[in-house]
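Chain nomenclature is as follows: A, B, C and D, assigned in order of appearance, with residue numbering initiated at 1 for each chain independently.
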Amino acid sequence: MAMEILYFAWVRQKVGQGAETLEPPAEVADVAGLMRWLAARSPGHAAAFAQPGQIRAAVNQEFCPPDHPVRPGDEVAFFPPVTGG
Amino acid sequence: MAMEILYFAWVRQKVGQGAETLEPPAEVADVAGLMRWLAARSPGHAAAFAQPGQIRAAVNQEFCPPDHPVRPGDEVAFFPPVTGG
Amino acid sequence: MATVRVQEAPFDIAAEQAALAEGRVDVGGIAAFTGLCRADDGIAALVLEHYPGMTERALAGIAAEAEARWPLTGCTVIHRVGRILPGEPIVLVLAASAHRTAALEACAFLIDWLKTGAPFWKREEFADGRERWVEARASDDAAAERWRQAV
Amino acid sequence: MATVRVQEAPFDIAAEQAALAEGRVDVGGIAAFTGLCRADDGIAALVLEHYPGMTERALAGIAAEAEARWPLTGCTVIHRVGRILPGEPIVLVLAASAHRTAALEACAFLIDWLKTGAPFWKREEFADGRERWVEARASDDAAAERWRQAV
């Protein structure tokens, strides 16, 4: 079962797309691991995830820290710190 | 020269009028003295000033404590604590 | 720039906010407080009396104090007088600033200060004909005192 | 009862306040905050992006938190997305309560919390074609943190 990966703001611009459906290998177990795996997919991904400390994540539409687990079927989003209001 | 005396809210209702022009004697030197002098003018005045601690005053449209001086030509107002907003 | 008004007519918050921001691009936030007449204990109406002349001076003084304490681009205080029915607005306070914190704090200051520093008096009228002057509340004095200590 | 909306269209604060108080006589005060687009540094427009689905959940969660902390009769959060010009409104927060302190505090909480807890991102566009993503501010994190400690 795949994961739905979403990108917003400059993460989206660097990756070059807003969403992709992917099947990471089983050793990708948490948000930080998924970021490392995604960074290797393309130069755009590499640029987007070059400084992981600048990226925030949500798993199934809840903000999550880097050690939060990810599982097949999850919706995982990556974006910069929010700036609404 | 006279003083303009104004009454508001239940002070006005008890006195029975909203304004009067009076010439207190020279020994009426401050707000508290003016209240004692006014209280002797009629049963309505007496009722209005029966509990001086419940009355607030303004001299020339500024809130003032009981020991604030009053002089001929002043506009002096008496009223309960304010309840706007 | 402060606008203060005492009026019998209702007010339009959208029009007042538009006037505060009109032609400006440096206003980042407008904080507003609208006080409404509640029907507590079966109140049929509030009748608001004020001290003409002193009221406008007091409101202008309160607005000037807010503008001295916070970097506002403007503020507005409108207080109604006369007979007001439950559900109707009584008072409107607006504070505009480049940044939200100044607007929010100034708005809270204005309404707290106005409750204890402007010569208005409320009389409650009940359906059965009884009436009662509203008594000042210690909590309002405490709220205003909080700002005095913050100087 | 909380109303949360994400929309491209402008909003009407008077209509939103009327909806909060409609048919009620127990609302004593409505606190409001309107965030506006400033033209700092020659900004020609802000473009607001969000995370559809998560945004509505986050706003509903923030509103529910406010209603749990203060005795509100209702609250409203409306956030615009898309292209917004200087002087135009971006966000509206309303909090209604029987008493002013609850309304004022809940309103400040809602806007502080929304700044750090809802998935919106602002891009600034300049007249010369440059664009820049707005960076999160430490002061916004501190403002939100203040409420966390107040639990």
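In this section, contacts are C-beta pairs under 8 Å (C-beta built on N, C-alpha and C of every residue); 3 or more make two chains touch, one makes a residue touch a chain.
Note that this is a predicted model, so its numbers are computed, not measured.
The chains in contact with chain B as well as with chain D are C. Between the CA-based centres of chain A and chain D the separation comes to 26 Å, rounded to the whole angstrom.
Here the CA centre of chain A is 49 Å from the CA centre of chain C. Centroids built from CA atoms put chain D at 23 Å from chain C. Residue positions of chain D touching 2 or more other chains: 35, 100, 111. The residues of chain B that reach two or more other chains are 85, listed in rising order.
Of all possible chain pairs, those that touch are A-D, B-C, C-D.
On chain C, the positions that touch chain D within their shared complex are 12-14, 17, 21, 24-40, 86-87, 98, 100-101, 103-104, 107-108, 111, 143. Against chain C, in their complex, chain B makes its touches with residues 6, 8-10, 58, 61-63, 77, 79-85.
Listing the residues of chain C that touch chain B in their complex gives 35, 48-51, 53-54, 57, 79, 90-91, 111, 114-123, 133-136, 140.
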